[in-house]
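One chain, chain A, links the two complexes that follow: it is found with chain B in the first and with chain C in the second.
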Partner chain A sequence: MQYKSQAVAKPYFIAAIGLFVGQILFGLIIGLQYVVGDFLFPEIPFNVGRMVHTNLLIVWLLFGFMGAAYYMVPEESERELVAPWLAHLMFWIFLVAGALTVLGYLMVPYAKLAELTQNTVLPTMGREFLEQPTITKIGIVIVALAFLFNVGLTVLMGRKTVVNLVLLLGLLGLAVFFLFSFYNPDNLVLDKYYWWWVVHLWVEGVWELILGSILAFVLIKTTGVDREVIEKWLYVIIAMTLITGIIGTGHHYYWIGTPEYWQWWGSIFSAMEPIPFFMMTVFAFNMVNRRRRNHPNKAAMLWALGTAVMAFLGAGVWGFLHTLAPVNYYTHGTQITAAHGHMAFYGAYVMINLTIISYAMPLLRGRKAANSERSQVLEMWSFWLMTVAMVFITLFLTGAGVLQVWLQRYTATPQPFMAVQDQIALFYWLREIAGVVFLAGLVTYIASFFVGSKEPEAAAEGASATA
Partner chain B sequence: MTYALASAVAPRRYPPGDLAIWIFILAELSVFAAFFAAYAFGRLGQVELFNAYQQTLDRRSALINTLALITGSYFVVRATAAIREDDSRGCFDWLLAALGMGTLFVVLKSAEYAHHLGEGIHLGTNRFYMFYLSLTFFHFMHVLMGMVILAAVALKARRGGYSAAEHTGVETGGAYWHMVDLVWLILFPLVYVMR
Partner chain C sequence: MSQTFTKAMARNIFYGGSVFFFLLFLALTFDTSRALPGRDNRAAITEKVARGKQVWEHNNCIGCHTLLGEGAYFAPELGNVYKRFGSKEAIIAWIKAQPTGAAGRRQMPQFNLSEGDLDAVAEFLKYASEINAAKWPPNING
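Showing the complex of A and B:
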């Protein structure tokens, strides 16, 4: 750790991992409710459990991104953070607001929560992923503004690098597009239309910039490849991301009442969205192959390469599977979507967060470069457990989805939704088993922070093992 | 002879320019290829409609634009040849001329858009106009992007930022401009002429 203020990243990373655990537990609960419908009913109805599962995901990823920014920006800007105290303050505000919101979901019926939080004054509740009470949303905006002020000013006053600027652009976009969560038109088509400006333009737009810059940062640090080379790749990748991703929003506009041209635009541009992800894969492997030194943090390298591969598979390949309008006509809103959602979020955004945590956490905890050998071995085990489990979750959901599309929509004698759900129950059971393996991976991951802490740091391959 | 001399100074690399721009060009061409394929596919179902509305396009203006882009590309080639002989001034002048051709394209294309929009045509009018407007506008944005790149290269050339030994930037910008030109050479016959 080169700058003292980078230390503010630590609580953000810890909170992120804590919320990650919550997300997975709720994932297992609702996964089981798919096949055991009354499990934990009426305490945790499926819709509430699902809301907690997805909201926790988004919040912990945001914690991770903020932690990443607080860690990266001082180092890239070559100066201390402008206001570390503000970062600490915002951490607690965000955490308390997040916890209260989740408790609200769990303790009172959603309609009651809306009433309690005066939703009628400025109605923003009731939309998937953006279920937070308006007051929480306002809190998120305040946290985001304070965060951008802190990080932005540090960048402006320090050294400007491509990594810094791309990161800042991504974070700025994240904040700006969130504002559309306050726009809640009565017209259902317009409602969905702008809803996607938050959801799609986040995950297939500005978040990709954040992903790209974090990946570039970690690769610069671990491979020792010239910054110029890595920055050039970053430029090309983000340009392609924006060209394909922005108009690619159209793949959500096929059947919601928007004009026909969206079927063409959405199909053409989103079919090209895998390109920047593929570039990322080529980029990551290329940089690691051209590395000038072996970094002792092998776990971080594994996460970085894993992100590049899994993001391409989950976001790129599984996204392409159902992105063309004629295909989506049948697959819209089926388990195919769930399959894509799981692997894309894990491959792109969970893994990039775990990459930067893996790289930064040892340094934040006082190590020179990396954790002990034993800790890293455990962490790499967790990588494989979680990643392989996620591959299986995705494959089982894809199987469920294909069967669902066939039985419910494609065949000459379509069957009702619930009749089909019964017939694909086997896949849901298998998905749940894979989910348990994922949890085992997550437990292993957390254990890696506590194992071998007192042992010496791992040495880089090829270096003498004296450290 | 001077060409050979220049080569002796700086051994010719392949591909010219920065490798990153070639990856970018490849990606961009893929997007256009998908667009052209979609056009062909979309036309299949409504051949008569496409043929009928194709007649409403201004082919003369598009032909002039084709010549403008080809000429612009030629000027870029001259600019690259100039810098290979260490002639920064010449490089700048030729790039300026290429930018002039780009401007001509932008003006003529804007006039076409003004005409169509004035007639109340929009993306939802019919499938042909949807493709015509989207394809040409997507290309139009690339012309603007290419002009920004050429302008940046030209400014650096004027400051003497390139030499016979090191002029990767000129080749990089040139490669992108040729791509913009190449796409139009497919777009023009496909949308304006072929029946």
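Showing the complex of A and C:
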């Protein structure tokens, strides 16, 4: 750690991991409800459990992104953060607001929460992923503004690097597109049209800029490859992301009442969306192969390479699987979508967060470069447990999805939704088992922070050349 | 990447490409806005439908169901439920009858909606079923 103010990243990372645990626990609950329908009913109905599962994901990823920015920006700008106190303050505001919101979901019926928070004044609730009460959404905007002010000013007043610039652009886009969550017209088609401006333009747009810049930062640090080379790659990757991804939004506009030409625009452009992810994989492996040093933090390297591969598989391959309009006509809103969603979020955004945490946390905890060998071995175990579990979750959901599409939509004698669900229960059981393995991986991950922390740091392979 | 392809060129492709395609996206959005009145059944959006949409949102229906294929995949598609059930009365009766309490089966909560809210949400679902969604879903089962 080169600058004192980078330390503000630490609570953000810790909160992120804590909320991650909550997300997985609720994932297991709703996964079980798929097969034991009345599990925890009526205490935690499925919709509440799912809302907690997805909202905790979004919030912890945002905590991770903010932590990443607070860690990276001073080092890239070569100066202290403008206002570390503001970062601390915003941390507590965001954590308390997030906790209160989740408690609200769990303690009172959703309709009651809407009433308590005066949703009728500015109705924004009750839409997928944007379920937060309006007051929470306003809180998110305030936290985002303070955060952008803090890192933005630091960037402007310090050394300007491509990594910093791209990160800032991504974060700015994140804040700007979130504003569309306040637009909720009575017209369902318009509502859905602009809802995607938050959801799609986040995860298949500006978040990829954040992902790219974090990956570039970690690769610069761990491989010692010339910054010029890495920055050129970064530009090309994010160029392809936005060139394909913006019009790629059209793959959500096939069946929601929008004109049918979107089937062409959406199919063609989103079919190219895997390209930037593939380039990211080539980029990551290339940089590691051309490394000028062996960094002692092997776990961080594993996460970095893992992110590139899994993001390509989850977002790229599983996205392409159902993105062409004639295919999507049958797969839209089935377990195929769920399969893609799980691996894409894990591969791209969970793993990039775990990458930067893996790289930065040892330094934030006073290590010179890396954790002890024992701690890293455990962390790498957790990598494989979680990643393999997620591969199986995705495969089982894909199996469920293919059968669902066939039985409910494709055969000459289509069957009703619940009749089909009964017939694919086996896949849901298998998914749940894979989910338990994922939790075991997560427990292992957390253990890696405590095991071997008194032992000496791991040395780089081929030791002497660490310069 | 080769030396002839410089970082400045990569940067220009990024900025130029992003701006161009975002402008194209805005143009398509503009055209879509002009085409929507012929497709999105806006003439049917009465005060009752608007209230129904709010009932739909305030009870987080999207947390289990899909609506035009978007939402959660735990419970049936409701974009075409009006056509599947055949009437508003059938939809209202269904909502009132929940939960079934059948052991081990997926349960829909009892939302204790007023008669006015029930009628509104059914009216909203009727409106939704009449949006031109390009012949989706493939069949009545959603």
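Going forward, the second predicted complex is superposed on the first by the 463 of 467 C-alpha atoms of A that agree within 3 Å, B and C clash if a C-alpha of one lies under 4 Å from a C-alpha of the other, contacts with A are read in each partner's own complex, and residues count from 1 in each chain.
Everything that follows uses one rule, which is that a residue touches a chain if its C-beta (ideal position, glycine included) is under 8 Å from a C-beta of that chain, and two chains touch if they have at least 3 such contacts.
What you see is a predicted model; the values in this text were computed from it and never measured.
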Partner chain in contact with A:Gln335 - chain B first, chain C second, else both or neither = second
Query = With the two structures laid over each other on chain A, which partner does A:Leu188 touch: chain B (first), chain C (second), both, or neither?
reply = second
Task = In the overlay, answer first, second, both or neither for which of chain B and chain C A:Trp233 touches.
result = both
Message = Once chain A of both complexes is superposed, is A:Ile243 in touch with chain B (first), chain C (second), both, or neither?
response = both
Note = Between chain B and chain C, the one with more contact residues on chain A is chain C
Message = Looking at A:Pro259, would you say it contacts chain B, chain C, both, or neither? Reply first, second, both or neither.
response = both
Message = Contacts for A:Met279 in the overlay, against chain B (first) and chain C (second): which applies, first, second, both or neither?
response = first
Inquiry  = Quick check on the superposed pair: does A:Thr398 touch chain B, chain C, both, or neither? Answer first, second, both or neither.
reply    = neither
Key: First (chain B), second (chain C), both or neither touched by A:Tyr110   = second
Inquiry  = One more residue to check, A:Asn150. First (chain B), second (chain C), both or neither?
reply    = neither
Query = Across the two complexes, what residues of chain A are contacted by chain B and by chain C?
reply = 232-233, 235-236, 239, 243, 259-260, 265
Query = Which residues of chain B touch chain A in their complex?
reply = 18, 20, 23-24, 27-28, 30-31, 34-35, 38, 42, 123-124, 127, 130-131, 134
Inquiry  = For the complex, give me every residue of chain A touching chain B.
reply    = 232-233, 235-236, 239-240, 243-244, 259-261, 264-265, 267-269, 271-272, 275-276, 279
Remark   = Within their complex, chain A touches chain C through residues 30, 33-34, 36-38, 41-42, 45-48, 50-51, 110-111, 114-115, 119-120, 123, 125-128, 131, 162, 184, 186-190, 192-193, 228-229, 231-233, 235-236, 238-239, 242-243, 246-247, 249-250, 252-260, 262-263, 265, 329-330, 332-335, 337-338, 408-410, 414-418, 421
Message = Residue numbers of chain C touching chain A in their complex, please.
response = 1, 5-7, 10-11, 13-14, 17-18, 21-22, 24-25, 28-29, 31-32, 35-36, 39-42, 45, 49-50, 53-54, 56-64, 66-77, 99, 101-107, 109, 111, 127-128, 131-134, 136-142
